[in-house]
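Below: a set of structures, written as structure tokens.
The same subunit A turns up in both complexes below, where it pairs with subunit B and then with subunit C.
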Partner chain A sequence: MKKWQDNRGWLFILPVFLIVAFSAVVPLMTVVNYSIQDIFGPGQRVFVGTEWFREVLTDERLHEALWRQLLFSGLVLLIEMPLGIAIALMMPDKKGFGASICLVVLALPLLIPWNVIGTIWIIFTRPDIGLMGATINTLGLTFDHTANGLHAWITLMLMEVWHWTPLVALLAYAGLQSIPPAYYQAAKIDGASSWAVFRYIQLPKMRGVLTIALLLRFMDSFLIYAEPFVLTGGGPGNTTTFLSIYLVKIAVGQFDLGPAGAFSLIYFLIVLLFCYLFYQALQNVGKGEQA
Partner chain B sequence: MGLTLKQINKIVEGEHHLADINLTLASGSRNVLLGRTLAGKTSLLRILAGLDRPTTGAIHENDRDITGISVRKRSVAMVYQQFINYPSFNVYKNIASPLLVAGQDKEEVNQRVMDTAKLLHLDPMLDRMPSELSGGQQQRVAIARALVKDADLLLLDEPLVNLDYKLREELLEELQAIFEKRDSVVVYTTTEPSEALKLGGNIIVMDEGKVLQTGTTSEVYRNPATVKTAELFSDPPINMLEGEIRSGRVMIGDQLDIERSGLFSSLDEGQYLFGIRPNHLYLNRQADGDARINSTVKISEINGSETFIHFEYGGCQMVLQEVGVDTRRIDSALTCYVNPEKFFVYSSQGDLLISPNGFSA
Partner chain C sequence: MNLEWMAWTLPTAVFFSFIVLMLIGMTIWEIKSPTVNRKGFLPISTTRGDRLFIGLLSSAYIHLLWVGLTEITIWFALVISIIWMFLVMRWG
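Right, the complex of A and B next:
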């Protein structure tokens, strides 16, 4: 009887096993399967070992895309994290009407589908009718993200910052609101400056939510696809061909499923590695600061 | 430094948080603010600290009006219910922080931090971070941070409420000794009568934003001037029974029918409220004059080395406090005794007329 009861426990986690298997393990293994074979059609396949990996790792265009991607994510984090924290610090206190309005306004960009975001910005930056594009052009400056790589980057960065800084701000705001008011009173009685309050109370207390914000923002920006696909399609030239756009070009455009599989696995490992590094770094910075 | 509060009112969004507070806190005095939650204790502390300004009224330090002076310019230290420490500083730096902010000499800071740490038994853990400490130790750090400043005014807002019983007893005893040696004004808020009694000094009993009674703690405990004060300053709550003095007898409920003598002889005939502290109800007859009450046990709870027996009498919920552990079954018969000489007698308006401790209106 006892044994049966013990075994029955496995039944309860079976659904989770099934869901994880179909959502993560099976697709991942399919990719592994593609990455080590050359597949011509159903039933026609040749085992190629690490050939696709070698091909992908020596692909110059992939290297370029990787550096482009790292630069993009780096810039995004450098702008969005401090900006989000600054917005959270400037927002009114939880009580009252002002905070509600701020929260709704901040959440708006997050509610828009990602491909629509791209479309909005295409129109917004159009040199002839776009609010931003036309305004800049009437000032006598030429702005055209379809022809100028730098302009394409500026547009993408603006779009990304507009789209995602609110997430950082909302998380930071939640972190700030969870600090008991007694901390601020204690600091006031101690005569601490507002910089000291930020550095030694607010920042340590926000560490948990900021870690989550950093990881989310890194992953999302490193995997960005829909927005540049809609806005620039990877151009002009290859200036905004990020990893995911390049990957889709190989997989769907050229139908090279083998190299695409190998590429995907490497891509996945890079994201995993960076997340691990960020997490470790933040854990070390805040050792013993949980209370 | 002595503090005088004159006609302090605090009104927030039309609600009176504090009403007409007049207090004098003498230099070097220990003052316990006793009251239930929302009695206005914390509001008063915040005004004393200078964190809030009173809506009307003034605070004088000696003879100087300091009502509008900001916290930074006052000599105040405060300890909170929650354990408030800088999360990214170790214990040493936490204790040193108020001194470092004030820009004091490193040598002196070190000396004072070490002395204070020793006082609160924190010296073995100066390198640890607050999150690596137990709750009691975290609160010790917070108390050390308040003490190290040597401020003129030391405020403690229910500092022990988040600690377990054992730690509370331990810290309370230490705090008592620490307060004894200081000449700053100490104000300590609590909801617990037993804590107030242990701390001694002066007491300020508050309820609904008003001061009900002030005086030395023992005096107020022995002679609570109103029914409200008696109820607040008694744990378990004092038993309040309605009764009548008529034709030479004192009649309380259906069983107590006592000869009108001794304490009661000075009272006119009429309706009164009779207060009996739970520890003045006995399970065994103590003296010949004791009156008897028969009832049934409603709940019997054991609290440490004491037993509280709840029963009903005269339409009131009564509590009897008995030393030692005594297990009683619910609904079993209960006989208890009370000495009429131990009654507090209040007028039907709630003012103290006679107390067993010699008070007589």
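Right, the complex of A and C next:
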């Protein structure tokens, strides 16, 4: 006998469907349309086929920005994920007052607007009056993120880690708190080491939240714009010109909407590919062990 | 409704119409015959929707590689992508 299905639930997703259609699908379709035309103004456009894609794909500055972006996102993930997990492991149990203090302190950087973050770090790292910049210079070392590319990268990485590691820590902490005490009791009876508890209980149980953390951190760091724009403006030279900053230069600075559209689509496809690969990798971690 | 601001062209309209039709077709197929996870030549077990997504995403990359590396007409990339899509959907 065929089971009767109540399909009224579909009506509840209709508002979300409409919102996504207007906020994401329609703009995406417009970008696709722009990417194959030369737009001069309203009603003035010429079909150019794949010309903008060819131009963008062979652009050396885009290649450099892409490698810079991949390096930045790779470093961000390499630092923030282990650090966030370590902080979560060190945090006190949820029953205590200390946990509440930790949670509030961790949440603070996440509450600050992104452009304000950049401004804070400009002041913090200024070689003359900034706490960090002036202190380093007092030690006899020269530190100036406006003149030295390496210093600009160090400042950006510090800012990014300070800003977003709390998100990873909070997610990991939530994952840890959801593990039933029976798992720890069983591990204790078996005489499991701290490493074994982490490797075979905590890490697998955190997989879901860590997948979310990894995807969020990858997407955010790969699409980063406001913080480096405020802090370095893409400089010195082009050392911190990431994909988003370069894209805005083309779209807004030069008002080349066609190449900017092609660039945006390529950018979108790169993000989509990496997110899918990360998602699949994390979904399949430990499956062999469970079997 | 004036859609001039969206700057539609015939190729993009055909492209998006095809995508919409494909999604409708997949939905009907799913209702008629629900998908099951299976392992083909792809390194992961996939559903029908997964294979469609993988096929479409890899087709986009085939086109980008074609445009970036060759001067030959993009129709060849389209033919390669269709063959690839068929392979992924059938044996992926």
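What we mean here is this: the second predicted complex is superposed on the first by the 269 of 291 C-alpha atoms of A that agree within 3 Å, B and C clash if a C-alpha of one lies under 4 Å from a C-alpha of the other, contacts with A are read in each partner's own complex, and residues count from 1 in each chain.
In this section, a residue touches a chain if its C-beta (ideal position, glycine included) is under 8 Å from a C-beta of that chain, and two chains touch if they have at least 3 such contacts.
This one's a predicted model, so the numbers in the text were calculated from it and none came from an experiment.
J.: Could you say whether A:Tyr200 touches subunit B, subunit C, both of them, or neither, answering first, second, both or neither?
T.: first
J.: Report for A:Gln185: first if it touches subunit B alone, second if subunit C alone, otherwise both or neither.
T.: First partner only, subunit B.
J.: If we overlay the two complexes on their shared chain A, which of subunit B and subunit C does A:Leu75 touch? Say first, second, both or neither.
T.: Neither partner.
J.: So, A:Leu273: does it touch subunit B (first), subunit C (second), both, or neither?
T.: second
J.: Where does A:Tyr34 make contact in the superposed view: on subunit B (first), on subunit C (second), on both, or on neither?
T.: second
J.: Note which residues of subunit A are touching subunit B in the complex, please.
T.: 180, 182-183, 185-186, 188-192, 196, 200-201, 203-205, 286-291
J.: Within the complex, which stretch of subunit B touches subunit A?
T.: Contact set of subunit B toward subunit A: 46, 49, 51, 71-72, 76-78, 80-90, 97-98, 101-102, 128-133, 138, 145.
J.: For the complex, give me every residue of subunit A touching subunit C.
T.: Those residues of subunit A that touch subunit C are 26, 29-30, 32-34, 36-37, 39, 42-43, 45, 47, 49-50, 53-54, 57-58, 266, 269, 272-273, 276, 280, 284.
J.: What residues of subunit C sit close enough to touch subunit A in their complex?
T.: Within the complex, subunit C contacts subunit A at residues 4-9, 11-12, 15-16, 44, 53, 57, 60-61, 64, 67-68, 74.
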